[in-house]
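Before anything else, here is the set of structures, which you'll find just below.
After this come two complexes, each holding chain A, first together with chain B and then together with chain C.
This part shows the complex of A and B:
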């Protein structure tokens, strides 16, 4: 376990370095720069700005300086918002995004797992068809289409819920649904498929042959096995939530890090983009380690040695 | 009086059982008017080629035929009661208390994410209303009984931490913990090392003596049949074609199919040259989707006649307790 954590930690650091390098190169490869505006900026002003932010140095030097600072916890300052350090920005905006992501995941699991179990248990009945239909529907509507739809129906027409922002509890409902529904659908389908396979397994027949009730067979003998694939899928799922939140935060004007990230790319605000990428990367790495630990806990056949 | 006695002696009495699987390609008649009796405390062997319906027979007794299969008609009397008439809850009681099952592959038959102890004690806690501690003690007792040393430690282990033979011992302990009247063993040694097979069979026989449990021993190994059974039923395409005591079977089997099976055993005394010419029954098992009119064995039988093609031979008694389904023997 200790070895596992140390090894995964160093692997994680290495991955982050690679991510940083790729983003650094890509950012400079896309046309345009941080100080491009509609009005022509005088060349001297531009020069001064670039010198101030160290953009006049050779690219490799810039990268090394960035990494050296990052290790010390300094991710630079925003180009577009004077005096705002990237670290402060992350501290301000990240909690909102984490909250949104957490609610979306919660919705996905709370909805997806029972629906998937029901569909599998009532395989080839109306319950299965309805649940599968909903799941396919949920998967096929992209969240950037679902969000406006929800806003129009529940916000503008029925006037039940606020259409934007992240303040009162009821303002959090629509963004959570918009972000979580597709993931709930994915979990429903995965749980159903996995459950259908597990209830054909021999140990389920053993449990039934021992006179245990269907309820006990499903919840004690089948579910834990069936949830193993769902658990290993939650790693990549977290990445899906992150990318989804970029869109949802922008549509609902939620002051999270995702919305800010989108703005920073258009502004070529290099330090912000780099910083957010690294935070996302670190987050995904940490979540995957947690998923692996949970998996080993749930499946006694797995040992955290390799 | 004698009649009554015999009736009391009968533990399982299956009458005209029909099971069908509703597949996309059509209806597979897995069991066709199957009749089978098991006496109290005896070991009945059930042999036949792969796919002839041995497992389906055992699952029908348990009322656990999987989708898309269905019991179409018939009666399954167990301890004088028709299991077909029992509701789900009553049937669960029967499974928990009176009929147990062990399977071919102990590795897949045990739940990989639950401890041995958890799986062993579950039925005791649910059906015998035992406390956790009492159930653990009983579980330890039964593990000891199947020759597992240090049962306290084994209870905390997961199936993957045990060898195949050990897992099958656990299955036996689990099966016998309810002191059932009937133990169904569906090829209990096929997946095990040859050296372990004999140990497991011995263990089953010992415990059978102790608890006076009847065993339905499903196998395609005639060696196992010779070693452990009292009576044998030979099955072909969902029907019993011959049924007799084990001695008679090996001495004077009548049905051409049974004789074919006998000839196909590699004999220990035969020399190598004979081995190379090991007998196989010509042809294949007919597909259950389109069984021939008349006797199901006609296409592979050297005694086949017009009669065999026109109607199905009845099960007739040739000598005391020796029943055969054939017109020509």
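This part shows the complex of A and C:
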């Protein structure tokens, strides 16, 4: 276990380094620089600016300096917003995105697992069909189509909920649904499929033969095992939530980190791009490791060797 | 493939094993029984026709502006209304289908070709090559595809065709003449192949230990022939299933890119771009957002039904 963790940790660090290098190279390859403006900047001014931000050094040196600073928790300062360090920006914006993502995942599990269990339990009945249809519908409505729809229905027509922003609890309802529904659909599908498989296993038959109540068989025996595949899929699902939040944050005008993925690149704000993408990558890597650990903890048959 | 044989309906048993394509024929029988999938195929088929013959079907050109009639509600002259430049919404949705469907087809194809060739090479050669190739995939996996697509698209979109010569200029001109679709294809092709590479590698690893491969090797058949004639056909099933299930993802990719402004070049219409444009006026002109959303949802829904139908037809084992 310890061995596995150490290896995964170092693999993660290696991944991050390579990702940083790819982003670094790609960014420098994109035409245009961070100090391009409508009016041409005087060459002396440009030179001073570049010297100030260390952009006059050779590219490989810049990269090494960046990595060395990043290790110490210094991700540089934004080029486009003066006096704003990348760390500050991440501290300001990331919590909002994480909160949104957390609510969406919560909704997805709270909705998806019961629906999936119901569908499997009432396999090939109306309940199953309805739940499966809802699942495929949820999977098919792109969040960029769902979000405006929710705004039009609940915000503008019924006037039940605020149409934008991220402040009062009721303003968080629509973004959470818009982001979480597709994930809920995916979890419904997974839960249903894996429940159907588990229910046929011998130990379920044994449990029933012992005269245990149906509730006990389903929740105590079947569900626990059926949730394993769902758990192993939640790594990619978390990634999906985070990218989805980019769209949702734009539509609902939520001050999260999502929009910096695009703005920072178009501004050629190198430190912000690097910082935002690396934090994101690190987040995904850590979540994947946590999911693996949880998985091994939940299923003793799996040893953490790979 | 024995499981497929076990699963045939009785009546078809004698028809099927005389020709080489019998397995796909069997799959076709199963697919035909799935009404939702068939209806969806008809819908997508019609949509493809509409997209191809957009010039004749659409009431007007997608970029035809009429300032006197901007922001019109759906009505007699403009069936679905007009946008802020007075462009006919229905025409733009029809032309937008072109973009969505081309990306669905070509994006899937490119990622399929890249992913399958990568995975099959990695799996077949094994050892150090496999290790290195899969480590690269692992590393790229660490960052969500969409972020790489954004970076690559910015890289493409930041250049202008006048600045380049030779091959680059050719690519940029081609892209411009396609309304910006070429670089979307490339961007998706470069990033969406990762899962396919993994699946292909896994399947190759499983198949290459079989006796018939050993037999082929002992007969002295060349590597390339073994790869393409012995291994590839035997792992095609699961790969096609995966690719067809991923088609909606491609449509969503394009919509996402156009939504954040890195997709097709205006005035080329894309459903994602139309939604992004409509957001500003959602309070007063909800129809601008409603119709593109509906078009996108219906298309994704239909492709999901087709993908599921294909999966159930090609691999009945997977169907519960």
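Definition applied: the second predicted complex is superposed on the first by the 293 of 306 C-alpha atoms of A that agree within 3 Å, B and C clash if a C-alpha of one lies under 4 Å from a C-alpha of the other, contacts with A are read in each partner's own complex, and residues count from 1 in each chain.
What we mean here is this: a residue touches a chain if its C-beta (ideal position, glycine included) is under 8 Å from a C-beta of that chain, and two chains touch if they have at least 3 such contacts.
These figures come from a predicted structure and were not determined experimentally.
*Asks:* Chain B versus chain C on the shared chain A, clash or fit?
*Replies:* fit
*Asks:* Does chain B (first) or chain C (second) touch A:141, or do both, or does neither?
*Replies:* second
*Asks:* Angle at chain A, chain B to chain C, CA centres, as a multiple of 10°?
*Replies:* For this superposed arrangement the angle is about 80 degrees.
*Asks:* Is A:299 touching the first partner chain B, the second partner chain C, both, or neither of them?
*Replies:* In the superposed model, A:299 contacts chain B only, not chain C.
*Asks:* So, A:213: does it touch chain B (first), chain C (second), both, or neither?
*Replies:* first
*Asks:* In the superposed arrangement, which partner chain does A:247 touch: chain B (first), chain C (second), both, or neither?
*Replies:* The second partner, chain C, only.
*Asks:* Considering only touches as defined above, state whether A:73 meets chain B (first), chain C (second), both or neither.
*Replies:* In the superposed model, A:73 contacts neither chain B nor chain C.
*Asks:* Could you let me know whether more residues of chain A are touched by chain B or by chain C?
*Replies:* Comparing touch counts on chain A for chain B and chain C gives C.
*Asks:* Between chain B (first) and chain C (second), which does A:201 come into contact with in this model arrangement: first, second, both, or neither?
*Replies:* In the superposed model, A:201 contacts chain B only, not chain C.
*Asks:* By how many Å are the closest C-alpha atoms of chain B and chain C apart after the superposition?
*Replies:* Closest C-alpha pair between chain B and chain C: 6 Å.
*Asks:* Take the contacts of chain A with chain B and those with chain C, and give the residues found in both.
*Replies:* In the superposed arrangement, which is not itself an observed complex, chain A uses residues 123 for both chain B and chain C.
*Asks:* What part of chain C is in contact with chain A in the complex they form?
*Replies:* Residues 138-139, 142-144, 146-148, 150-152, 154-155, 158-159, 163, 248, 252, 255-256, 259-262, 272, 275-276, 278-279, 282-283, 286, 289-290, 292-294, 296-297, 300-301, 304-305, 308, 320 of chain C touch chain A in their complex.
*Asks:* With touch defined as at the start, can you tell me which chain B residues reach chain A in the complex?
*Replies:* 62, 64, 66-67, 92-97, 100-101, 103, 105, 108-114, 122-123, 126-127, 158, 160, 171, 174
*Asks:* For chain A, which residues are in contact with chain B within the complex?
*Replies:* 123, 200-203, 205-213, 216, 220-221, 224-225, 228, 298-301
*Asks:* What part of chain A is in contact with chain C in the complex they form?
*Replies:* 11-12, 14-16, 18-19, 22-23, 26-27, 29-32, 123, 136-137, 139-142, 144-146, 148-149, 151-152, 156, 163, 193, 196, 239, 242-243, 246-247, 250-251, 261-262, 265-266, 277, 280-281, 284-285
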